[in-house]
Amino acid sequence: MTNEFEPKIVAFVCNWCTYAGADLTGTSRIKYSPNVKIIRFPCTGRIDFMLLLKAFSNGADGVIVSGCHPNDCHYTSGNFHARRRWITFRVLLDFMGIDINRIVFAWVSAAEGAKWAEVVNSTVNKIKELGPYENYREIINEVWEEEKWEI
Amino acid sequence: MARIGVFICHCGENIGATVDCFSVAAEAAKLPGVVYSVDYKYMCSDPGQSKIKDAIHEHKLTGVVVSACSPRMHEPTFRKACAEAGLNPYRCEMANIREHCSWVHEKGEATTKKAFDLVRTLVEKVKNNHSLEPIKVPVNKTAIVIGGGVAGIQASLDIANGGHKVILVEREPSIGGHMSQLSETFPTLDCSQCILTPRMVEIAQHPNITLYTYSELESMDGFIGNFNVRIRRKAKSIDEKLCTGCGLCCTKCPTKKIPSEFEQGLANRTAIYVPFPQAVPNKPVIDRTNCRYFQTGKCKVCQKFCPTGAIRFEQEDEIIEVKAGAIVLATGFEVKDAGFFPEYGYGKYKDVITGLQFERLASASGPTQGEIRRPSDGKIPEKVVFIACAGSRDPAKGISYCSKICCMYTAKHAMLYKHKVHEGTPYVFYMDIRAAGKNYDEFTRRAIEEDGAKYIRGRVSNLYEKDRKLIVRGADTLLGGKPVEIEADMVVLATAAVSCKDSESLAQKLHVSYDSYHFFAEAHPKLKPVETNTAGIFLAGACQAPKDIPESVAAASGAAAKVIGLFSNNELTREPVVAKINQTPPPVFSTCMGCELCMQICPYQAIDKEEIKNRNGEVIKTIAKINPGLCQGCGTCVAFCKSKSIDLEGYSNKQIYAEVMAVIND
Amino acid sequence: MKKKLGFYPGCSLEGTAKEYSESVVSLSEQFDIELKQIPDWNCCGATAAHNLNKTLSLVLPSRILAQAQKNEMKEIVVPCAACYNRLSVTQYELLKNDQLKATVEQAIDMPLNTSIRILNVIQFIQEYILPEIPEKLSHTFDKKVACYYGCLLVRPHNILKFDRPESPQFMDEIMQMLGAETIDWPFKTECCGAGLSVSRTELVGKLSGKIVREALDRKAEAIIVACPMCHANLDMRRPAIDQYLEMKTEIPVLYITQAIGMACGLNERQTGTRRHLVKVIGNYFTKTRIPVENNENNPITVEEII
């Protein structure tokens, strides 16, 4: 059991809803899996999807993007832009051969502490089933070797 | 070269019990760029803050990472401490190892490792932080209060008496809210109208207050100190300047059978109406959906009789734009409507009424002039059953919370009934009696002991009509669940207090958070009870959660104090989290190509065009220009920019890339 | 083509409620539906099992479901409200708990998939009988009736998700379609005394007595039920009821399938009404309906034509 695969997951969340929601998960002492680490953004609209690729190339097995529910954005429309960008971007990712099942897009409001735990746990389970994201890292490493790219 | 200091907080046992803080501090010390790393029991305490200040001096730190609770809790505390030690506050970041780590994971290696990972991530971020200066913006010293119930009235008067302008917006034709409907108030049993109406009049006469009744908020933009608000003034169909409020139109109006909202459907009103005699302003409006002229095109009786010719059928809704520095939300609550209680037969049996309807029956100005008569046949009821927690504290009904006011007003109703009908018997079905408050428990005891209200602890299972009586069946759980059956003449439901129907859309217009019941959310449940997450917008009264009158008034005064405090500044400093267009040396000036995409997507219209001219005044390039006063720092433009020419201070590309690269490290 | 559905009668329909079984089967035949009994079915556990042994109370219904599944039945009709309740609760519990499902599968030694649709008699009528009622109706049911649902058909609501738990309507709607007038009464889901029928008959007399009295007070001429237990208490225990009410009551208790059967012209052998203890005079309730061409939705009674 000790060698069970523990996926590394990065969560990109907005400051006003999901970050606060995750704080509420904490204050409510709802337990979830420690595989997820949160990076705070002002708004999901700020999230440049190239960052997702960076996370994968750096060894992430999965990514969660989460912000305010539609209409609840602190900045009126940032989450709509994020959603639209995601719709376009996933097609591109899919085309490029990136497994879009490894990216979870969710809406978690500041009042949904329990939902955040649920999102994290279900994502961890899903990524555990998918296994480590070796093939992407292999490709990236090859490219690095050949081109001597820098991050 | 960066010199970072790392400070790990135990938060007593909160972090220390699950995370090995000592080893995290030891590991952090080994990170490149970290020159000082220490753990301490309470970082936010005075000695803890001194530790940070001392380290800044001693180790000449260029950046600080405090690993403790959520930055939403203590970021300002630690940034202030850094500033006091001479370090630019924006060089201080927090790693959240409490809410996002120690509180949500079990004790163990994985948790300590995660805590360390979070520290490392923020260390990498802070290496890319640079000094920022807060932005100064002017403050418009006018407050908008939305909702003219007791909370809105109190907040308006407090702010206006503080010497500032107030715009009070009320949706109904008159201010007063629910309190004006109440008969008498607990625990003193003084007349609600007697204490409220003088304040309503004060609103109308106060030189600092502009009152817009029959008006609703249309939209809002801007930010603290500088809100732009559009208010829809619904057409009242009268000229307020000419109208003297004589009321002749109301007596002549031929459409007389409209259930009165104020009387909770227990009496009727006309199509042109003043909601109640003490209304402020005491001038009628025409309810167009019920007006004969607006429905059929014929009538105009009111116009014929109006002695001053004040009727204006052609009037249209008007949208006015006002500027304000602060907004107070005081939109109040509603009681759960019919159809929600099929088991209690509300809506089906006429003599099953809500607590608010009972208030009207008991009110001296109500449809029965204060005599308790049941709605079906006007008979004085000999037995009245009060059902507490009708809907509240019932997860199956979707309302898990306690409506808070019902225990008290049910006791009050039982008393009022007993005072008016001496030979009558009030029965109260209850779950618990929650009478916490000054003189509250004494009040309920009085209802039971002196006025003989029969309290039965248990719930009502079924209620039906038989031979003009309402058979109420329930259980007495204090007698081991013994079934109880009462043949009542009238049943009063202490219906759940819920948020207003359109509170969700209002919250969305104002970018205020709300909870799952659509009550507005405070910024912090204990320490910021009247603030919202949006700076400059405050909460007063029952729009936040069910509240009784004293609490609503207290919250309103609290919000008013916050507004007056805000208005005591001529200028405000704002977080310098704003987007910036990069600058490069001439002849390029900026990598911005002037595609104007950012201008279209900016939710605040903060981006404009800037023309760059050569010496001869000829335009050589057009680039985007961001107004830092308007920019709120959402960063949508940063992600949108095709040429990567925009960056967001505090969340710059460099900072976030550094975080992403550091968060996973094997 | 003949529609085929699985059928689980349960113990009552083999014994005290034989007439219920007869009416369900003959009604189905009338509407061209074949009800195929689940082979080798067993007891559902009824009210006893879940008070004594939780696992057993889930294992018993599971075996029934597994048998149905083995015989490739996708939908099963369960006329007995208690059986319907137990089967539905079992399906609900197993759907939410995989571990429990594994335990149960081991106990019955059969694989189990929980996707079988369990239809109570009202759902069965709504889906398979009602659409063809206008064609097959030969009589109208022109009396005032009290629809009595009992406790097991509509509760617990979060599991069964069927009708309004406080004041159910579906049976009323069906009876109205047959031409009956239904009373709006508060005793639709009142307790009839259920299993106390055997051990404390006098208490059943009191509980069921209140139901009968309420129906009579509101001028109902028949009580319509959809549960063998309700029927047993209201019909078989009538002497106890009469003793409690201190009067002789004659209001008959009909299964909803019998009522539809009557309106479709089935005889009393087919509907099973001859087995009742409170006498049912079949032709008392119905009148011949003469369908008028192009006006099928407007049944006209003989009297009106004369």
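Which chain is which? They are A, B and C, in the order written, and residues in each are numbered from 1.
Everything that follows uses one rule, which is that a residue touches a chain if its C-beta (ideal position, glycine included) is under 8 Å from a C-beta of that chain, and two chains touch if they have at least 3 such contacts.
None of the values given here were measured: they were computed from a predicted structure.
Top-ranked chain pair, ordered by C-beta pairs in contact, is A-B. With centres defined by CA atoms alone, the chain at the far end from chain B is C. Mean C-alpha position of chain B lies 51 Å from that of chain C. Here the CA centre of chain A is 31 Å from the CA centre of chain B.
Multi-chain contact residues of chain B (touching two or more other chains): none found. By the touch criterion given at the top, residues 6, 8, 10, 15-17, 19-20, 22-23, 25-27, 29-34, 37-43, 45-49, 51, 54-55, 58-60, 71-78, 81-82, 85, 109-112, 117, 151 of chain A touch chain B in their complex. Of all the residues in chain B, the ones that touch chain C in their complex are 342-343, 396, 462-466, 471.
Listing the residues of chain C that touch chain B in their complex gives 158, 164, 166-167, 185-187, 190, 217.
Listed in rising order, the residues of chain B touching chain A in the complex are 70-73, 96, 98-101, 103-106, 110-111, 113-114, 117-118, 121, 507-508, 511, 513-516, 521, 533-534, 577, 601, 603-604, 632-636, 638-640, 648, 650-651, 653, 656-657, 659-661, 663-666.
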